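Quick heads-up: structures coming right below.
The same subunit A turns up in both complexes below, where it pairs with subunit B and then with subunit C.
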Partner chain A sequence: MDAHEVVLSVQDLARHFPVRGAGLSREKPVVRALDGVSFDLRKGETLGVVGESGCGKSTLARTIVGLERPTSGRVLFRGTDVHRTSARQMPALRRQVQIVLQDPYASLNPRRTLRDALMQPFEIHRDLLPRAKRMARVQELVELVGLNPDHLDRYPFQFSGGQRQRIGIARALSVEPEVIVCDEPVSALDVSIQAQVVNLLQRLQAELGLAYVFIAHDLSVVRHISDRIAVMYLGRVAEIGSGHDVYASPAHPYTEALLSAVPVPDPARRGMAGRRLLAGDPPSPVDPPSGCRFRTRCWLATEACAAVEPLLGGVHPSTRAPHHVACHHPLTAPELVTSTKDF
Partner chain B sequence: MSEPIVTVRGLSVDFHTRDGVVKAVQDLDLDLHPSRTLALLGESGSGKSVTAQAIMGLLDSPPARITAGSVRFRGVDLLQASAAERREANGGGISMVFQDSLSALNPVYTVGGQIAELLRVRRGMSRRAAWDRAVELIDHVRIPAPARRAKDYPHQFSGGMRQRIMIALAIALEPSVLIADEPTTALDVTVQAQIMELLLDLQRENGMGLMLITHDLGVVAEVADDIAVMYAGRVVEKGGVHELFADPAHPYTRGLLRSVPRVDRADSTLWAIPGSPPNLLDLGEGCAFRERCDTAVGVCAVERPALARPVADAGSRLAACHRSEEVVHGRA
Partner chain C sequence: MTAPLVVTRARRRRAFGSPSGYLSVALLLLFALTAVFGPMLVDKPRGLGADILQSPSAQHWFGTDDLGQDVFAQVIWGTRISMAVGVAASLIAIVIGTALGLLGAYVKRLDPFISTLVDVMLSLPLLPLMILVTALVGASATSLIVVIGLLSWAEVARLIRSNGMVVASMPYIDGAKVLGAGPLRIIGTELLPAVSPLIVVSVLLTAARAVISEAGLSFLGMGDPSSWSWGRILLNAQRSGVIATAWWQTLFPSLAILLLVLSATIAGIRYNDSRDPRTRGV
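Here is the complex of A and B:
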């Protein structure tokens, strides 16, 4: 099987939300939560998505799996548009792209046991497995994610946070997807439990050939698990490239600032990394700045940044790996090609 | 080192629940010094927030009951103090910043009004003077356009800005001790860095003792002077930040340090502490960490290790582990 085959292709994806109670004016204001994001996800790969709250990470996750309809753009699973497929094909397609959420407690019915929760996917996707084989599959899933098969009759409240996240993962796996979108899967967990769940996700990926879109605000966890990383800012991708390139030599000023804000758990290195503190908060996605969206907080911004929006494009100067940065003044790569588009 | 401003000795807190008695904090000793930052590090349920609430006198009783111990501040045991002494200590002596700033602020009053009210009631300031001081404080926590922002309501601020308002409220009465309970947990890393910087600047200005409650090892490494690691209601290791990060003497501390991925390097697999924290309703005999411990031996199941200096360790650190000497020297 070709390791480079693209399983999921996100093309210029946008999702705008109308602003509630915005009056009667002709031009209705919208929140540009997701505003033109593109990337390819290859088989067995992990793409990490990072950014501050409000950058559109979760809207991206929800739109990929079909919980939100895109305002424009497309999500293709192996060439088929996830949002424009026929009603007959829809269940089969949905099965291929699953989601794991931050708070599994909120997504589990408190009145249904672990057994019920894991049987439910097979009741929805009836043709997946004959009834007689379902129970055996549930047993298998429980063991696969490291839960105790003796606990099948327990209710959600009887499980710890880490165990509930394992249930969420087992549910996503039950329909044998190729892609799992993980939206902050370990953020609600304690440090000692986080490592268990991250290791589980990595083991499952190796065993089952899964591709992950891994969304988190914890940059250390994202670096650990990702092959490639996309940095989002105000609904757009600011920079995307291999995990090593993005972290070791960020090209976008925003990436540099974001990374330098991450505390390093080593007191011997205190004060050694030159920290660049970003002032203030991101601007409102209702009315993003003209040109480059980051220019209002950027220390390198020039007049060009207000006039012309920088677009993604280019390769990393030393590794020559595809490394895209949407910036007029990239940090590490003066020879990095950035294309521009006039408005 | 200077004399401690807050001395906690033998603090034990129980919670009486329908299922039984939860031993939330047991036999806890802490010293907080002026101009120093003590990090109380632990996972959820380890007792760190209960400790802070006990010091502040904020525990609801029932279900909570302080069964033993003392909290000495300026020569007074706050646990035995009269209501008037307690009121005097809170805010002006010891103050607190909470994690959830939206629920800690009153949604129907302006933020300036809330700070001014505190100054009028506690300092007897006039309406006008209190408002002016509130604007100054809002400026002091580096909120742009303070005179205008003072008239805004809590929901009009972002999470980071609201946390700054919380800090302005906490320092309004010029406390000598500030307890910050997960002050940046709900915030983005960029905003977290701003808030920690602000807290440290305030500490440098007025020599506050800062007690930082957190589960984030990165934050601890960057700002703490001293650390107390809590597990299942007890301090299991205590010491200076450098020695504790370099050579942990408790297997739990060591496991925590190994299990965090780091932004400055790539590892292939993470170390994971197996299992989950014990049930505080039924801790039983022995060391509470033994079932998740990779160095546990027979004695760990029968005898609870006391907090003691690891033999042959030159530092000031204490650990509650039967094998701490081997752990600290990397032999276990």
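Here is the complex of A and C:
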């Protein structure tokens, strides 16, 4: 995997939102939606990001593509800070990292036809393609994502949810990005349509060499598409490693609890693996617990968990692949390594 | 392909299918035609007629004033100025109000300033201010247009801002932003088309208010003394001391003002209601 170049590097990214109506107290409380997340994304790779709602997945997506400014930390695209480029470089850099939005019903302007929606990127980036070639490119994009070119004059309300998500993908592809952030791209779709869209994303990845940050709360979808998986809890990464390792032998108690909540399709196997039900709700991101953030719901928590914040680090014991877990009592004890540079 | 056309047609039918809808539009059209062609068909009212202070008759439909000028001719000629001032002033107000409203809706940093400015403008006593400013710059149709236009954009700005904010928070705006669209492009190509039906409503309602302001200012002597307007007919009646006796000299211009304002307002409301699926018809 190290043979691949790193295209996107997220470094200690944090995004805090001020709490509304916080009064006049000197120390303004903030929602720590994203609180120190780091990872690298290599060319052609898919990083799945999972976690329950409110864990900062969407804030991560929005900050990577520049819809939110980070409170601290950096997002580097091939070494250039996405949030601190000159206004002149901005358009060229911005188009390298695109997003596919969650809600296919609200992510398209209802007043634009498919043709207009796909022409818009070329009107924004005029130097991308000469006017004469744009229509041909729009046709090409429509066919690339598996839509009917005869439907170019249709409006969004005339398309189904899956078709609209294809339009969203075509729009993201139009500016030839290297990285696409998929913010729950299939969670609003029917299961049968989900598979089609996920397969389309995989086909496009193979054809165009795209790298994905694939955000979802559906663990089986993430497992299907991801090379590596990051598990987020309360604005932090709890565990990150190769998809197989995370699913087969989760090291973080939270990951295990999350995986045990996935419904088992085979009735004969149901009840074999005990379900790990977590008590209570996630703590407020305004005032996260001291030490390990998961300790309030963790069945393995000790005094050390409240005192010392566990850091990400380690390799997987059997596969030797980098497998980082932020836990004092990991379930499959990854061997701790001092340097975290290799990840 | 034809779906949006069908939608527009259905909306139009919903908006103007009811009697109040098509009557108000017909009346507006009548006023507009009168403003454009009326002065070509009716002689400009001149003084020195022998028939002074005549009540309405077959010869003088709306009667005559104290100088023997035909009130019908005055109302016809006044239509042109009253409507021209109303439309031009409302266009000024719409342009300023829409620009500031959309800017406030999309550019979060400017919003507090624009909102405060709108609040201040809304709380100003407009009529005394209009009188003062018109008196200072001199009475003419142009100064009326500018003064009314510059002082009545605040309500438009507030309406457009609140609706623009709803659109600005839609995910497709984020989509355009990630594609690299700048604030001006987003305001011009995403927000403006979305609020354009509201702009139609605002034009009608603001024009109606501008006509009232124009009549009021003309009545107070702030209008152009060389051209006819409905307010000036009332002013003449008051000046010559016949306002209590020659009812025809005040009734007909007032009726014209009432009908124009009423039809513009109803047309605006009908159009606005047609956009809301909950209140179709009535």
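Keep this in mind: the second predicted complex is superposed on the first by the 330 of 343 C-alpha atoms of A that agree within 3 Å, B and C clash if a C-alpha of one lies under 4 Å from a C-alpha of the other, contacts with A are read in each partner's own complex, and residues count from 1 in each chain.
Rule of thumb we're sticking to: a residue touches a chain if its C-beta (ideal position, glycine included) is under 8 Å from a C-beta of that chain, and two chains touch if they have at least 3 such contacts.
Bear in mind that the values here come from a model prediction, so they are computed numbers and not experimental data.
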Request  = Using the touch definition from the top, say if A:Leu208 reaches subunit B (first), subunit C (second), both or neither.
outcome  = neither
Taking the superposition on A as described, I'd like to know which of subunit B and subunit C A:Gln98 touches: first, second, both or neither.
second
The answer to whether subunit B or subunit C touches more of subunit A is B
| Which of subunit B and subunit C A:Gly66 touches, first, second, both or neither | second
(message) Just checking: does A:Leu108 make contact with subunit B only, subunit C only, both, or neither of them? Give me first, second, both or neither.
(response) second
When the two structures are overlaid on chain A, which partner does A:Val308 contact: first (subunit B), second (subunit C), both, or neither?
neither
Note to self: Just checking: does A:Val6 make contact with subunit B only, subunit C only, both, or neither of them? Give me first, second, both or neither.
What the structure shows: neither
May I ask you to decide whether A:Arg171 touches subunit B, subunit C, both, or neither, giving the answer as first, second, both or neither?
second
Query raised in the report: A:Ser220 contacts which: subunit B (first), subunit C (second), both, neither?
Result: first
Touching subunit A in the complex, subunit C uses residues 1, 3-4, 170-172, 174-181, 185, 189-190, 193-194
Touching subunit C in the complex, subunit A uses residues 62, 65-67, 90-91, 94-95, 97-99, 101-103, 106-109, 111, 120-121, 124-125, 153-155, 157-158, 168, 171, 175
In the complex, the residues of subunit A that touch subunit B are 52-53, 160, 162-163, 190-196, 198-199, 202, 217, 219-221, 223-224, 243-244, 247, 257-259, 261-270, 273, 275, 277-281
Interface with subunit A, subunit B side, in the complex: residues 43-44, 144, 158-161, 188-194, 196-197, 215-222, 224, 241-242, 245-246, 255-257, 259-264, 266-267, 269-274, 276-277, 292
